[in-house]
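Read through the structures below before going on.
In the two complexes that follow, chain A is the common piece, with chain B as its partner first and chain C second.
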Partner chain A sequence: MSALATPGGRALSAAVVSAVPLLVFLALLAYFGARAPGFLDPATLILILKQAIPTAVLGVGLSFVVIGGGDDVVAGGIDLSVPSIAVLSAAIIADQLAFHGTGTLAAVLLGFMAAVAAGLCNAVLVTRIGMTPLLATLASSTAFIGFSKLVTANRRIDLSDPLIVTLRDGTVAGLPLGLLAATALIVIAIAAVHRSRWGLRLQAVGGNRDAAVIAGLDARRFVAQSFLIAGVFGGLASLFVLARGSGSTPGVAETLLMETVLATFLGAAFSPRRVVTVWGAALGAILVSALSIGFGSVGVDVFWTGCVKGGLILVVVAAAAVARRSRT
Partner chain B sequence: MSIGGHDRKGAWRRALATAVAVTVMAAAGAASADEALSLKGKKIGVAVVGTQHFWDREAFNGAVEKVKELGGEVLPVDGGRDNQVHADNHDVFLTNKVDAVISILGDAAVEPKFKALQEKGVPVFTVDHLSPYAINNTTSDNYYIGTTIGRYLADSLGGKGKVAFFNAFENSLRICGIRAQLAKYVLKDYPGIEIVQPELAEAFANAPEDARKKTLDLLTQYPKGTLDAIHVACWDQPAIGVVQALEEAGRTEIKVTAVDAGPDTLEIIAEKDSPFVANVAQQPHKIGATSAENVARYFAGEKLLPQTFVDVVPVNGPEEAKKVYAELGYGKLD
Partner chain C sequence: MTEAKAIEPPGDAPDILSLDGIAKAFPGVQALDGATLRVKAGEIHGLIGENGAGKSTLIKILAGLYTPDAGSLTIGGGRVAAGSPDAVHAAGVRFIHQELNLVPHFTVAETIFLGQELAGPLGLRTGAMRRAAERFLKDTLDADIAGHRLVSDLGIAERKLVQIARALIDGKARVVVFDEPTAPLTHAEIDHLFKAIEALGRRGIAMIYVSHYLAEITRICHRVTVLRNGRNAGLLERVGPEDTGRLISLMVGRDIGHLYPRHDHTAGAPWLRVEKLSLAPHYLDVDFEVRRGEIVGLAGLVGSGREELVDSIAGLLAPARGRIGIGGKQLRPGSTAAAARRGLALVPRDRRNDGLVLAQSVADNINLASLDAVSTAGFVRRDAAARRAGESIEALDIRPRAAATAARLLSGGNQQKVVLARGLATGADLFVLDEPTIGVDIGAKAEIYALIERLARDGAAVLISSSDPTELIGLADRILVLLRGRIVVELTRDAADLDRLVALTTGGDATEGQAA
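Here is the complex of A and B:
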C-alpha cells in the first residue's frame, strides 16, 4: 500500500497492471498448447491469422481514432461504429451484387461511398456538433445497423461473386490472398501513423491536445480525418467480412465490435508506453482470434468464451486507465 | 359364431403371431447391427450453431450422447447462435485432427470450412444442412412439414383470410426454403387466403423478443378485423413472441402456426383458447443421435444415402399438443 502511494511505486504498479492482459493471454496460449496438441501447428497459425483479418482491419481503423483523440475511453477518441460501418457497406455490396445486377466494381464503390459517408457523419457529429465520441458513435452505429437492415430486409444474402470468392479462397505463393491483402493495408496504416509527418501530428493531437494546439496544429481537423479514415477502414473491412461469411448476414456487428475493441486496447499492452498503436491493434486481433480457436480446441463453452473475452476487455481498459494515470 | 368364423379368427391369430415374430426378429436384427456400431478410438467434432433453443440443444445432445455411447470421444463447439462463429468453429476441427465432423444447422458460411475438411480427408456429416461436401444429411421430413403446416394453416383460417409470414430464411437455408415454399404451394389451392406483403424477417438470435416487437408493429398496421393469422415458416421460437404480443394487444383472435414443437411451444398450444393452434413436432434428439449412428455406419463401411429422414408428428389443437407432449417424453400436461 505504501509503495503504491509513492510516484515510483505507482509507476511500478502501473507497469505490472498494464502487463497483466498480455501475461493472461500468454498463459492461456501456453495452456491451449499443452491441452490441444494441434494448437501449436503452423497450419493453426494460418487459420488464426485468417480468422483475425476482419477484426484486424477494423481495429486498425479504430486505432486511428483512438490515437488522434487520446486514449481516455470516455472523453478521448473512440469509434464504436466501425464494425457497423463494415456491416452497412457489406449489406449494400451484397444487395447490389445479388439483386440489382450491379457489376462488382460498381457495387464495391457504392459500399465504400456509404462507408465514407458514415465516417464523415461521425466526424461532423464529433468535431462540428461537439458530441462525445463514445455517445456519437454509439448512436450512429445504431443508425448504420438500422440502415443495413433496411437494405437487406434483415435477411442473409449469399454471395458467390468472383472477387469475394478469390478474397476468401485465393492464394499467392501458398499464402492466403486475403491475408496478404490485409497485411498490405495494415503496413500502409502503420507507415501513415508511425512513419509520416501527418501521423506524428495525429499522435501529438491525441497525446496532448492543448500542447498540439499551442504548437499551431488544427486539432479538430486531425480528429475529423481520423473518423473519416476509420470509415474507410470500415469499408475495406466489409470486403473481408463478406469473404469470410460467403455473403452478408445480419447480426455479425455485435461480435465484431466486441472483438475489435478488445483487439485495439489489448494491442496497447505491446507498446512500450502502453498506448494504442496500429500494429498493436493488428497483433491484438491475432491474439483474440487465437483465443477463440484455443477455447474451442479445449472444449470450453462458448458462453464462457464470451465471459472471458468481456472480462479481458475490462482488464485491458482498466490497465490503460492505470497506465494513463501514471503518465499524468 | 359360425365355424368359418372361428377359422378366420384362427387365421388372424396365426397371421398376427407370425407378424409379431417377424417384427421381433427384425428388431433383434436391427439391434444386433446397431450393437456392432462403434466409434471406439474415434474423435468426433460436433459443431452446433447455438444451444439456447430446445431444438439446437437437443440435436446437439443427441449427437454428443450417441457418440459417447458408441465409445467415441467428442470435441464439442457451440456458435452461440451466431452463424459466423459457428462456421469459424470448424477451424478447431482442422487443428485438432478429428476423425469426423457432425455439423448441426449453419448457413453458407460453413461451406468453405466443409471443403477444407474434405480436402484434409475428414468426413463431414450434417444435420439440417444440405452440402455438396457432406457424406450425409440427417434431417426431418421437411417436405411433409411444409405441406402439413400449410394445410393446418388453411384449415385454421377456414380457407380464407389474411396471413402474415415470418420468413427470414427461405432463401438462405434450404430446410427453410422447403418448409416455406411447400406451405405456400398448399395455400395456392385456397384463393381466398392472402399472404401479407412484404413478409416479415425475424432475427436469428433473440428471436422471441424480436418477433414480439415486430408483431406489435404489425398489429398497429393491421387493426382488428384486417389480419387473421401469423405463420412462422421455418421454426417456432419467434412464435413465442408472437403469442405474447397478441395477448398484450388483446388480439388473440389471430391464429398462430409454426414449425418445431418443442416442449416450450407445445405448452402454449395446449393452453385453453390459445391463439397458437398448430405445429409440426420434430425429434431433434433422435436426429442428432441418428447422425452419430450414421458416422459409425460410415466407418463400418456401410454405404449411406445422401439424406436420412426422421419422422415428424403433426400437432393440431390443444388435445394433440398434450398427446404429443407425452409421446415425445416431455412429461404430462393437463
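Here is the complex of A and C:
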C-alpha cells in the first residue's frame, strides 16, 4: 500500500495540544511534591484517593453519556445532572434515615429509585423529545437540586448509620473499604464499555452516529441507555457522597459538577486515541483530588483554587476542541 | 482496441438482480419513469446519467430508502419488498456510500467488525478480530492494512477499502453497489481500488458502479446502463474505452437554445485575478482571471475541487497558498467580510441554508448586506429600506410582489432572485454564482439567465460554477474545466460543445493534453 498517502503533520501537532492539560497537571503535582510538606506520604496519597471517590464514580457515569453521545460539548453527549442526581439521592437517603426511621436498605433503595427515575427523565428528554443533552440536563439538574432542597429543607443532615460509617472508615486488609468498593464499580464499568460488544457499539454511536446506524445499530437506544446508566451511577455515588461528608450537605452539587466535568474530559488526555474513556475519567478524578489537596497543603487561598480549576476546565475543553478539529 | 478486462464478463449468466419498470415521482418532478436495471452475477455494471437523470433515486429505491410508485425488485430470483432496507440487506445487497462514515478513533478491526463483533466469556476478542480483519482484507480485497491501526491514521484509499471490508465481512454479499467510490482518490489509489473490485468479481459478486467518471466506467465495467430523464437511454454491452463518445451522446440528448439570452456583453479590464491558488488535496495551482463584463464558467464534477475553489474565492475557506486579487488589490484570504468590501457578492449553492435568512422578510433579506445605505447613525430608515426593496422586487420580477413576505414562502427561483437582488443592492461588481439554478424550475431558470447576462452587460465580472454543462455553454464566454483539483483546459465559447465539455469534466477525453 505504499502508493497510498497517510495524513501527517496536523495529526501530530494535535496530539501535542491534547497532551497539554495532562502536562499542566503533572507540572502542578510536581510543584506540590516539591513545596508541600508530606504531599507524597502514603497517608496523603490514600487521602487523595479517598477524596476522589465521589468524583470518580460520577465521572464514570458521565463518561457513559459522553462516549455514547460524542465528545462535542455543545452538540454531543453531556449530562450535567449526574452530580445533582447524586445529591438528590443522598438527600432522600439521609432524610429517610435521620427523620423517618426507615431501615438502611429501604432508605438506600428509595434513593436509588429516585436516581434511576432521574436518569430515565433525562433519557426521555433527549431521545424522545429531542432536546440537546446540554440544555436538557441543565434544566433537569436544576429541578433535581430543587427536589433535594425540598426534601432536606436545605439543611445539613448528620448521619451515623452503620452502612455510611463503614463505607467511610471500614478497611479490608488495611485498605479503605470505600476505595475497594469504588474500584470494583469502576472495573465493572471499564469491562462494560471497553471490553464488551455493547460497549464497542456505544463507542461507535458516539464516534459517528451515521456509521453506527449504517451498521444496523439503534443509536437512540444506546443514547437512552447511557443516560439511564449515568443515573444509576449518580445513585451509587450518593452513598460515597454521604460517607465523605458524614451526611447530606446542601450546596455540594456545584463543586461536584465542576470536578466531575473536569475529571471526565481531562481523562481523554490519558487515552492514546484522545477520547473520553471510563478509566480516564477515574484517573482524572484522582488528579483533580490531588490538585485540591495540593493547593490546600501549600496554603493557597481557597478562592484562588476555584479560579485555577476553572482555568483548567477551559484548557481541557479547548484541547478537546483542537483534537476534534484535526480529526475531521 | 478493446482492452481485455481483468475478469471475464459473465456471458449468459442469469440476472442476479433486476429492477423493472421503476417509476417514482416527487412533487413537481417525475424522477423515474419506467427505468430498468438488470445485473448478472460476477458482472461489474456501470450506471451513468447526468445530474437529475434519476441515478440516485434508482439507487435509493434499491436500498429501500424510497418506495417506488410502480415497478418490481427481484434479487436472486425472489421478489423483494420495496421500501425495506432490512429486506434488501438480508437479500445480500451492500452499499459503499460516497461518504466514508467511519468512526475516526476506531481501529481497523473494530470498524470492520462493528455490529458483529467476536466475543468470548471475557469480552471482546480483540486479537482474533484483528487477525481476522487482516486476513479478510488480504484475501478478499488484496490489501495489507494492519488491524490495530486507527481509522484517523489511514489514507483515504485505505479508509475506502476498510469501508468495503466492513460491508462484506458477514460473507453474505451478493451484490455490491459502489457510489462514486473514486471521487477523493489519486490515480495510484484508484488502481488499487480497482484491483480490489476485480477481486470481488472473481468471487462471483455482482457490482453496480455509479460514477460520473466515464474513463473509469469504460475501464472497469462490462456493461453500462445509461439513464436520461428518468428513463433508460441505452444499455451498452462489452464496453471499452472507444465507447466514451456513445455514452456521452446517450447521456446528454440535446435541447439547448431558447433558454439562454443573446450574448451582447463585451469584456473590459481584468478584475478578478487568481494566481497559483492551492488547497491540497482539493485544488492545486489554479490560475485564471475574469474581466469586467465577462462571464466565466467553472466546470467540474463533485470532488473535482470546484466547490472548495469557489468557497476560497468567496472567503468561506482559506487557501493554503496563492493569491486572489480583485480590481488590482490583494484580497485577504478566508474572510467573507474582506471579499464583500472589495465588491464581491456570493450567491451560494445552498441558498436555503447559506443564502437567506428564511424567517425574515424578502425586504430584510434584500437589504441585509447593504444596511449602511439605508441607515442613519446605525438606525435603519424603514421607509428607505422598503423603497429599495420595492425597487429590487420590481426590477427582478420577484413574486409575490410583497416585500413583507417571509423568504421561506417563496419558490426556489424567486428565492434565488432575492439572493441576487441582495448582491446587486451592495453595488457589487464581482459576482460569484455557485449553482445559480439548482432546484429551480425551467421558467425561473430563463429569468435568472437573463439577469446574469444583464450583470455582465452592466460591467460586472461574473464567475459561474455549475454542475450543469448546458448552462455553462449557454452563458459563459470561457469555461474552465477542473479535473481532480487542476484546471485541465480552458474552452472558449466557440470551442465549447456539450460532448466535449462532458468528456473533459469526466476525464474521458483523450485530447485533453493538447487542449490544455
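FYI, the second predicted complex is superposed on the first by the 319 of 328 C-alpha atoms of A that agree within 3 Å, B and C clash if a C-alpha of one lies under 4 Å from a C-alpha of the other, contacts with A are read in each partner's own complex, and residues count from 1 in each chain.
One rule holds for everything that comes next: a contact is a pair of C-beta atoms (placed from the backbone, for glycine too) under 8 Å apart; a residue touches a chain by one contact, two chains touch by 3 or more.
Everything numeric in this text was worked out from a predicted model, so none of it was measured.
Visitor: Clash or fit: chain B against chain C, after overlaying the two structures on chain A?
Guide: The answer is fit.
Visitor: Which partner does A:I293 contact after superposing on A: first (chain B), second (chain C), both, neither?
Guide: Only chain B; A:I293 stays clear of chain C.
Visitor: Given the overlay on chain A, how many degrees, to the nearest 10, lie between chain B and chain C at the CA centre of chain A?
Guide: Nearest-10 rounding gives 140 degrees.
Visitor: May I ask you to decide whether A:R156 touches chain B, chain C, both, or neither, giving the answer as first, second, both or neither?
Guide: first
Visitor: Counting only touches as set out at the top, which of chain B and chain C does A:V275 meet: first, second, both, neither?
Guide: second
Visitor: Which holds for A:S63: it touches chain B only (first), chain C only (second), both, or neither?
Guide: neither
Visitor: In the superposed arrangement, which partner chain does A:S248 touch: chain B (first), chain C (second), both, or neither?
Guide: Once the two structures are laid over each other on A, A:S248 reaches no partner at all.
Visitor: Could you tell me how near the closest CA atoms of chain B and chain C get once both structures are overlaid on the shared chain, in Å?
Guide: Superposed model gives a least chain B-chain C C-alpha distance of 37 Å.
Visitor: List the residues on chain B that touch chain A in their complex, please.
Guide: 51, 75-80, 82-85, 87-89, 91-92, 94-97, 107-109, 111-112, 168-169, 171-172, 198, 201-205
Visitor: If you look only at chain A, which of its residues touch chain B in the complex?
Guide: 36-39, 41, 43-44, 47, 51, 153-158, 168-169, 244-247, 249-252, 255, 292-293, 296-297, 299, 301-303, 305-306
Visitor: Quick check on the complex: what are the chain C residues that touch chain A?
Guide: Contact set of chain C toward chain A: 89, 97, 99, 101-106, 110, 114-115, 117, 119, 122-124, 143-145, 150, 152-158, 166, 186, 188-189, 191-192.
Visitor: So in the complex, the part of chain A that touches chain C is made up of which residues?
Guide: Those in contact with chain C are residues 1, 3-7, 11, 191, 195-197, 199-201, 203-204, 207-208, 210-212, 214-217, 273-275, 327-328.
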